[in-house]
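Two complexes come next, and they have one chain in common, chain A, joined by chain B in the first and chain C in the second.
Right after this comes the complex of A and B.
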């Protein structure tokens, strides 16, 4: 243990944690799960949903784990009958103003609220009363907003203001009518939004979803392939969500060292080009001023013969290649090797300089 | 990148993105990360939230410039004068890090003598920045504990690009702001794998891993591994190959995933070159301006269709994983292998992992890298051995120059090659916006993005717009000595009077018809960031 650490016990188990950790952070590091809906590790502690309440020895009321700092020798229990009862009530209250239409909700299978309702065996019937009945908002190309499904955890608002610092949305209105929205409830446009979809990625329910992926498959039906973005040189990671050999959408990889789940408009929404009908799908050979489709064998034979002929006739110094900053390391290495070995010159360069 | 390589040893960013939140003073120079590198901007915004001081050097009033403690609104092309001026203020006030200069650098006396020529009065005149701002920036930067310079293409895309980067290194070195976490120089790269493409050998003078072809020992190593004789004569840079094409001296060219006919400057020249070459093969995922000139077009595979690695701007080698089969049946690495085999030099790779293993054996900075090690967030080079964890901060002990010392470079202000005159009174700066990427071949096929940003817009200051009687949305003709385009105008105070801004994302308004042929003589990087244009309102 260093002087920046201290010791607490969680559910009877001794845990060494950072001096400035919250109980929730200490528990996460120790692999102990505490339920929460308003927490996102990229954001400041908020204490909104109260689901992360825990029992701390010597304190006669439950404390929210996400906003309570650890102290030396603190004894924490993350579960007991009282805590479970309170959590059930909290979930019931959330469901009392929620459509509870999971069967057709885009978020089913990937929804924090659905998972906790299932885990705690709670339905929406305990508290009946007034419910929101607001229309779905699809006023922009990328982000669908179903206010009825919002649980007011504030994650969308906080990520927009704390991480992106775009200030697109905030909690608007008072009391029962407060909800995340843009200034003056204007449609999202480039005047007020960057379309990074950070709000969508952090939303624990179906309130904010990616418009382009709606209806195209449940989260659990997608093959998720972790990869590196092909736009700028930052090198963000994300998951390509694939179904039937088609990229349906992009979701965040929260453990990525470069971007921690954060993405921009291009990374999150710029994938349509992959399946564009304008993709070149076969080799094309120019004959008489226009291009004609050809097979790989025909095209590669032609290229190989022509390059060999040019090298023989004019020497390797008259032939070369440009490599690509958009291709992989392996491909850049191979192109350099090809020019040096198969052609025999050093006439190889890349577009890094332009 | 050649600039940092000369001053410090390696042409790469010295630190890591995740160190940014702990910066005390951030000096953002010629970079607009909220548009061009949004996720880098998130890290920098975290530093600002933690109370970091911010100095921004940029002719445009960017998001960051609006929030800066000091905005150095320098004239395009005056980077060296700016840096020399800052160093001079630091030395005059005794704010330099004497111990660091003595122990870890060489060439200080030459630098000192040179920057003395850049007194405040002269620098004020050359850069247009007020002396108070110069002094305050010098004070903030030199007094910080952890200070980082983050620079972008606004530094390198000038005829003095390499020297601009050296001038930045000078500033960091006099303050001793290198070789510690959150303290160093980060260069932000434009395209996704600029770093990797430079690291792995498609360069005319160096073999993979920056090993010079002129060096017999390096050649010998590769000759042994590759089983061929390697020419000791450096090849031609891309721009030189195009020049030779234009003269009818260059016969065969293979262009992999690049679009010089849209993204190179002075396009009429480029088009002439591509018309003149006897045999041109272009491999790309879409038809581009360049494929028009090809004799054979080969289909490329998108990043979703192949395995491989990219190296990001903090030297992190990360996996690219195949999500779907290549639409055309083959990825580029397979195509190059087959082509090479057909030409009599067999390449028999069954998976890109084997290529990386070969790279690891030949390129010392990638020596410890293999696919098995890249599953948890990648590795930052240099990673010389299989048990090396990678390097988050460069130069903690020594610089990678001979002798381990960094070198001060005494530099003179040269300015832009083309400056405004009576006929062409405005400076055109080109760059990027957040929504689009490069030649637009990818983002232009994203319907939602095209709905938001369907066309090119010329950014112009309210003052200039008023003088020309131009309103938001009016159409104008923009012309330089080389060409002209027609675009709509966006009036914004992001542009300062006298400067206008275009991107190069749209095929229907090719801004590189306007940009100049002038280049950095060392790297060949074109001067995209500054040329002279005239603007005429269209009826």
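Right after this comes the complex of A and C.
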């Protein structure tokens, strides 16, 4: 144990954790699960859903694990009869203002609320009362917003403000009628939204979904193929969700070292080209004024010969390499190496300019 | 001052009967209340009438000497406009004064020397004040709140000067020794809070005065700011110096325009005098105060939501810890004190901790200001020592129940508190006792209820308030209080079901346990405490379809108790639907089919014979 660590016990088990950790972070590191709906490890702790309440010895009321910092020798129990009862009440309350139409919901099988209702054996019948009856919003090309399914965890709002820093949405209204929305409840457009879909990626329920993927398959029906984004050199990872050999949508890879699940509009929604009939799938060589499909060997030989001719005729210094910022660092390095060694020129540049 | 007022006035009244004296008084002071209550009752016009009338009688020099003084609220707003006339040291207080009455007061009293006895305050005015112990409200109603000289004249800013002449550590020790606890409701020891903040790492530090008073019916903070704004500023200077903060904020609700105006005036005057700004009191210490107006959200009275609001964010609370003393405004150590807490400080520093801690009980020191309202004779602001009994407040200061009805309960702590039933009337009013009974001190609202108050309806009122004011952040408060309110509404509409009381208890307990901030944690209190003491009323609504207090319209059934009916016919005359049959010397009767359940007969009956 270093001086930046301390020791606590969770459910009787000793755990070494960071001094700055919250109880939830310490539990996650120790592999102890605490239910939560409003926590996303990319975001600042919020404490809104109250499902992560735990018992801390010496404190006479349950404390939220996501916002409570650990202290030396803290004794935490993640469950007891009172906590289970309160969690059931909280889930029942959420379900009392939720359509509970899981059979036709886009999020079924991948929904935090559905999973917790199943885990705690709670249905939506305990409390009756007023329910939201708001129209589904499809006023933009990428994001479907079903406010009736919103549980006000605030994750969409926080990711938009803390990570993207776009400030497209915030909570509007008060109390029972507060909901995430744009300023003046205007439709999302490029004037107020970046369409990065970060809000969709963090939504634990079916309130925010990708429009393009709706109705094309459940989450558990998708083959998830982890890949690296080809749009720029950052190297973000994500999952292509493939069903019947077709890419249906893109979902976040939270364990990705570069982007931790975060994506921009290109990575998340720019996958139409994959199945586009206009997509170029082989090299094309211009013969007699028009392009003809060719093999890679033929194309590369042609390029190599042309470069040789140019270097022989004009000298290597007349040739330069200009690489793309869509390439990775390694690819850019290779280009510079190739220009310097194979061509023999120092004329190397990249398009990345401000 | 109260003592003096009483004795002087007693002298003044017999004089009214003595021989008329016609003279122009040498030393004349007229004090008129210009608090929000006074202004609403027309005190501005009264002051103008005095100016005009005095001028007619050739007394302009007196006007120049400011003999007509505007003062803050003295608490007894029910009797506004209140006017003090002090002639050569003899004080007479008039009540319910209108501009057209000024002429007679000037002619008969000021010129003629004979007070207008029928307009003078009655014994209830003195009883109301005599049982109180005034520290905070002592100067409200005596001094002109818009004149710093008036405050200096009564020893103002001496406390701050004294505090700045010793070390911050000594100031904190003094406040700790006084036992002063936060008057915002939770009752945390002020000195301890300061100590924690003074030890916290990080600069700059901030001190915030929480003037976002929002409990229904509570207006003590407004009155203090309107009546004596400099006492709040002085308290902030002391606090700022103690914790090492040079920046103070007053977070005040925009619905208090007069208080804001007076505070702005006070800050300007204090700056001119060198009490605020650079190197205040020539001590080398800098301190400045800014006003931040709230935007109408009750929740911004919660300290973390208040901080979010000052930072320009949506007013929503966050979980504690970390506490504001460690991470507050802009992430820096911050002390947030209530108006009442801060305005106690000048007198604590001036008179010493020993003096202050001699008032009150063992754990609750000093005095507390309450807004006394409801079905009681004397309503208004009262300041009483901690530990006074509920009975003394209601029957001595409050003058007893209106229309001599039966006392049923008193709601303390506003929408966050609970009720004290008649069976606990001898209970002392202090922090611990109130929590023990399932209520809380809160900011100091006291709503007195008689037997014509339905406890289900009352808790529905308070819950609808908290429900409306919930910020929406956490699930139990946002949806839980909504569901509780729906159940209560159902019960008051005669649609209550078996199991509703149990459901309210379960839900209320879970909301208290799991809500994020004080609002949600205390929102179920009115419901839980009324179920605890008046469960029979809930049962009558649900099982028998009766509202015992005849308040819930859907459940009302009016009948005349023939044994009590005195055949006066008042009910017959007020009934708008002709449902009452009555003839002189005959008992009244109500036709169920014609009755529209308006309750007019119930209200009108002087003998409580309609049930």
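Criterion: the second predicted complex is superposed on the first by the 279 of 354 C-alpha atoms of A that agree within 3 Å, B and C clash if a C-alpha of one lies under 4 Å from a C-alpha of the other, contacts with A are read in each partner's own complex, and residues count from 1 in each chain.
The criterion applied here is as follows: a residue touches a chain if its C-beta (ideal position, glycine included) is under 8 Å from a C-beta of that chain, and two chains touch if they have at least 3 such contacts.
Because the structure is a prediction, the values reported are computed rather than measured.
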For A:299, select first, second, both or neither according to whether it touches chain B, chain C, the two together, or no partner.
-> first
Does the superposition put A:167 against chain B (first), chain C (second), both, or neither?
-> neither
Mind working out whether A:187 is in touch with chain B, chain C, both or neither, as first, second, both or neither?
-> neither
Counting only touches as set out at the top, which of chain B and chain C does A:50 meet: first, second, both, neither?
-> second
What's your read, chain B or chain C touching more residues of chain A?
-> B
Identify the partner contact of A:152: answer first if only chain B is touched, second if only chain C is, both if each is, neither if none is.
-> second
Go through the superposed model and pick first if A:307 touches only chain B, second if only chain C, both, or neither.
-> first
Does the superposition put A:127 against chain B (first), chain C (second), both, or neither?
-> second
Could you list which residues of chain A make contact with chain B in one structure and with chain C in the other?
-> none
Listed in rising order, the residues of chain A that touch chain B in the complex are 141-142, 162-165, 189-190, 194-196, 212, 223, 225-237, 240, 242, 245-247, 255-259, 262-267, 269-274, 276, 278-286, 291, 296, 299-304, 306-308, 310-311, 313-314, 316-354
Note which residues of chain C are touching chain A in the complex, please.
-> 297, 314, 316, 318-319, 321-322, 467-476, 478-480, 482-483, 486, 506-507, 510, 513-516
Per the touch rule above, chain A residues touching chain C in the complex are 45, 47-51, 53, 61-62, 64, 67-69, 82, 85-86, 89-90, 93-94, 96-97, 127-130, 151-152, 154, 170-171, 173-178
